[in-house]
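In the part that follows, the structures are each spelled out as structure tokens.
The same chain A turns up in both complexes below, where it pairs with chain B and then with chain C.
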Partner chain A sequence: MKFRAKIVDAACLNHFTRVSAMIAKLAKTCTLRISPQKLNFIVSDKVANGGVSMWCELEQENFFSEFQMEGVSAENNAIYLELLSENLSRALKTAQNARALKIKLTNKHFPCLTVSIELLSVSSSSRIVTHDIPVKVIPRKLWKDLQEPTVPVSDVSIYLPVLKTMKSIVEKMKNISNHLIIEANLSGELNLKIETELVCVTTHFKDLGNPQSASADASQDRDPEQMAEVHIDIRKLLQFLAGQQVNPTKAVCNIVSNKIIHFDLLHEDVSLQYFIPAFS
Partner chain B sequence: MPLLTPQIQDENDYSLVASLDNVRNLSTILKAIHFREHATCFATKNGIKVTVENAKCVQANAFIQAGIFQEFIVQEESVTFRINLTIFLDCLSIFGSSPMPGTLTALRMCYQGYGYPLMLFLEEGGVVTVCKINTQEPEETLDFDFCSTNVINKIILQSEGLREAFSELDMTSEVLQITMSPDKPYFRLSTFGNAGSSHLDYPKDSDLMESFHCNQTQVNRYKISLLKPSTKALVLSCKVSIRTDNRGFLSLQYMIRNEDGQICFVEYYCCPDEEVPESES
Partner chain C sequence: MRCLVTGGNVKVLGKAVHSLSRIGDELYLEPLEDGLSLRTVNSSRSAYACFLFAPLFFQQYQAAAPGQEALRCKILMKSFLAVFRSLATVERSVEKCCISLGGRSSRLVVQLHCRYGVRKTHNLSFQDCESLQAVFDPALCSNVLRAPARVLGEAVLPFPPALAEVTLGIGCGRRVILRSYQEEEEADSTVKAMVTEMSIGEEDFQQLQAQEGVAITFCLKEFRGLLSFAESANLSLSVHFDAPGRPAIFAVKDSLLDGHFVLATLSESDLHSPAPRSPELRRLAPPLQAHSTPHLDDFANDDIDSYMIAMETTVDSEGSRAVPSTSLSPGLRPPCSPGPYSEDNGAEASTQPGTPPPKKFRSLFFGSILAPAHSPPGPSPVLAEDSEGEG
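And then the complex of A and B:
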């Protein structure tokens, strides 16, 4: 198993830092999957912990100027590492405005992801900051739990409103209730609803638009006004929204009635999929 | 707000209808009296009064005159209901408490009458939020019988003069002692805490003093825990009037200027703690 990579472009470095900051907001621990073409950040919570799962994918060549890896074997050419996402994002924070960044899988009594950052300095001598992030190498037999999730056939697929607006509304709703109902239809309408003994609050978004999805066939017979709804844990949704610091280039939500809600986001060339299961 | 029209087919169905272009003109004032969970609302054709009480000793009233609203209709002589203020405020600020500059949240508030929920329709940038808050049986509120003819001492201060004093009150002291007098020390705030006593004097010719009418020396003590919540109103206000009557009851009136430059008032009444023993002070 080998992995070493290097970023020299300032824009790529910034982008990579932002991605790691987003991951840190979304999950405490995550799995980093390294393969010849792609890097993935994966979260797959146990059902007991809420069952949230995340799949974030970026093409390595869009970020790295050098990228060498050798997986566990030729036919399983990948590496799965478990790490505290906070550790990675904290290490990368120092890389803002740095000249170069190197990431390497090392063994220093225990496996580490070693991040070396070459900082700019006024004098000609360069300064290098090194972070050793402890990681757990995930054995081959557990990989099956960390596969790319299959996107369920949704009842309704809709573009999301401005995430910042959505976040501030959900934040206030969280003060009142733990449960949230999201419902949407094929006429571009999405509602956020909470209901308690004391108060019912519904926020209506309209004219959002519905993407032409692959599952369009399934939903073609559907009454465009009919709502598909899911009851979810409001904290899980807020966590997802709080992680979105910049408005994505594309943001879609797919609802499978009473089963699951799937968020599909695109930040330039980083794709993020986030799944929140419905309360049964 | 075309989206809202279907819900308000007949205005006569409602005993109270009020609209505001900027919801913050209401929410800011209500935050100033938000020290208990529940509030009682009284609406008459003059406006809305919202009352919050604690320990049968302190009462806060926020007055939002009819003129603050762009539309204000009350069908009955007076409309009264009790509401969970925390939830009411969460609903009013559903689009965020500090909105982006240039965006305003509009509000339409409807109440059908006894037993019905309070309906709020909020709109910002084409997004509409509908809130249905259950109302409760109104409770009788205290009558402090604070009559201006019985007022002994009255001071009007610029709020900034009191703001720092209140934010740094020694909370280990059980009481705040207020001395008002035609002679020295004129106006004094005293606390008696673990670390010792502290006295803060305001000379009557201070720039902060807008008016000074003290007829008789009065020394009264008030539970500091009851007065501390009034800091919320103090922070928002530009002027404060401090009055005491012949029974030692305290009235604090805060003048608050809203974002549109209109004036609203928030008033706190507090009863005195106990007789001041001769030996102290």
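And then the complex of A and C:
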């Protein structure tokens, strides 16, 4: 098992740092999947912990100037590492004005993902920061729990409003209720709703638009006005929204009534899928 | 005692109080002929700090009223800190600051003369006290490094704020290495912390008088305190240190002031092996980065094969992690040589029964005073006043 990669471009480095900061906001621990073409950050919570799952994918060649890896075996050419996402994010934050950054898998009595950063300094001298992030190598037989989630056939698929707006609304709703109802229909309307014994608050968004392909097949004969709704844990939604520092280039939400909500985001060339299951 | 500080020096004074507040809860204010000294010591007596502001630092400086002896006093750090709480406000609005002690009021009076004729008067209650003085001499330390505070400030930046201790040492190629220190328990536990290492070339230092392989471990918080003072005053900071376990002295100096922080360093663990190791052995031991921090050259063109790791990805990958170790090389944590310093522990135990120094830090006062040359017969150099003063 080998892994070694290098970033030299400042823009790529910044972008990668932002991705790691986003992951750190979304989950305490995550799995990093390394394969010849792609890097994935994976979260797959146990049902007892809320059952949230995340699948973040980026093409390695968009970030790394060098990328060498050798997986467990030729037919299973991948490496799965579990790490504290905070560690990776903190390590990358020190690379703000770096000349180059290298990531490699090392064995320092225990497996580590070693991030070494060559910093630019005012003088011509070189400064090097090295972070050894302890990782857990995930054995082959557990890989099956960490596969790309299949996107469920949704009842309604809708574009999301500006996430910052959504976040400030959900933040306030969180003070009133722990549950949130998201409902949407095929004519571009999305509602965020909380209901308690004393008060019922709904925020309406309209003219959001529905993506063509997703809504075309499964929900063809669906009444465009009919709402599909899902009850979720408001904290999980807020955590997801708080993790989005920059508005994504594309943000779609797919609702399977009373089952699950699936967010599909695209940040330039990084895709993020986030699943929050409904309260049963 | 009466002194008057004006202009930008008010902020310098405030900044010094801020950095002292990282160490102790009480501030010892002592007017001396060669300036006003502000001192503090932490509760476990493992860190001591003092600033001496020369008479020229002040617009007016009078250590004592004519014909009288200078008074010294001890005040609560937090009440003095409150005067300078917001340095931004101090810088913006305070034109001069007058500190007086004695006279008719039995208070330490700090007056801030602000813009628009606003005058803020703080009357702080104080206690009489003995002089607080740690015995240390930077000249006796065999290792010295000195660099602009900015360089050291940038060097500690990558370390997490919660990190308690950092190891400073000289690695191969005479590069200065800072590395996060992990306690053994942490290192052995299943949840391991990230280890960060900073490596700086010799050329960033104004002075580097230390051999490869030497290293000390000390508290980062106090060091950051002095660093932020030195950075704001744009000074160089020098570090004087000796063997692990001996106090390290961090000093800043310019024509108007000097500051010294004396911090205990972690003594070499005596948990591993009773066999004492000679200093020579210690020196020869591999320096900090036994297996990391490639040099610039390595950084540019290292070979992937050297990073190959042989790990089983089957269930028993646990096994590979059971190795009890830290990533510190043995050179950093060799077994203790109890010999020359053993009396320190005794003195410490008898003098400070209630406040054992944390971890393996030695109480630096007793450590240094009990060196044979210094051991005084009488009680004259008071290290720390009686805990229950008459107040």
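Throughout what follows, the second predicted complex is superposed on the first by the 278 of 280 C-alpha atoms of A that agree within 3 Å, B and C clash if a C-alpha of one lies under 4 Å from a C-alpha of the other, contacts with A are read in each partner's own complex, and residues count from 1 in each chain.
Methods note: a residue touches a chain if its C-beta (ideal position, glycine included) is under 8 Å from a C-beta of that chain, and two chains touch if they have at least 3 such contacts.
As the structure is a prediction and not an experimental result, all values here were calculated from the model.
Student: In the superposed model on chain A, is it clash or fit for chain B and chain C?
Tutor: After superposition on chain A, which the two structures share, chain B sits beside chain C with no clash.
Student: Rounded to a multiple of 10, tell me what angle the C-alpha centres of chain B and chain C make at the one for chain A, in degrees.
Tutor: 70
Student: Contacts for A:176 in the overlay, against chain B (first) and chain C (second): which applies, first, second, both or neither?
Tutor: In the superposed model, A:176 contacts chain B only, not chain C.
Student: Taking the superposition on A as described, I'd like to know which of chain B and chain C A:114 touches: first, second, both or neither.
Tutor: It touches chain C, and chain B stays clear.
Student: Taking the superposition as given, does A:202 touch the first partner, chain B, the second, chain C, both, or neither?
Tutor: Once the two structures are laid over each other on A, A:202 reaches chain B alone.
Student: Of the partners chain B and chain C, which touch A:165 in the superposed model: first, second, both, neither?
Tutor: first
Student: On chain A, which partner's contacts cover more residues, chain B's or chain C's?
Tutor: C
Student: When the two structures are overlaid on chain A, which partner does A:279 contact: first (chain B), second (chain C), both, or neither?
Tutor: Once the two structures are laid over each other on A, A:279 reaches no partner at all.
Student: Superposed on chain A, how close does chain B come to chain C by Cα atoms? Whole Å, please.
Tutor: The answer is 9 Å, the least C-alpha separation in the overlay.
Student: Report, in rising order, the residues of chain A that make contact with chain B in one complex and with chain C in the other.
Tutor: none
Student: Please name which positions on chain A make contact with chain B in the complex.
Tutor: Checking each residue of chain A against chain B gives 161, 165, 168-169, 172-173, 175-176, 197-207.
Student: Which of the residues in chain C come into contact with chain A in the complex?
Tutor: 154-155, 157-158, 160, 192-201, 203-204, 289, 291-296, 299, 304, 307-311, 313-315, 317, 320-321, 323, 325-327
Student: Can you tell me which positions in chain A touch chain C when the two form their complex?
Tutor: 1-2, 4, 68, 72, 84, 87, 90-91, 94, 100, 102, 104-111, 114, 116, 118, 121, 123-134, 136-141
Student: Quick one: which bits of chain B touch chain A in the complex? Just the residue numbers, please.
Tutor: Those residues of chain B that touch chain A are 3, 84, 86-87, 90-91, 93-96, 124-134.
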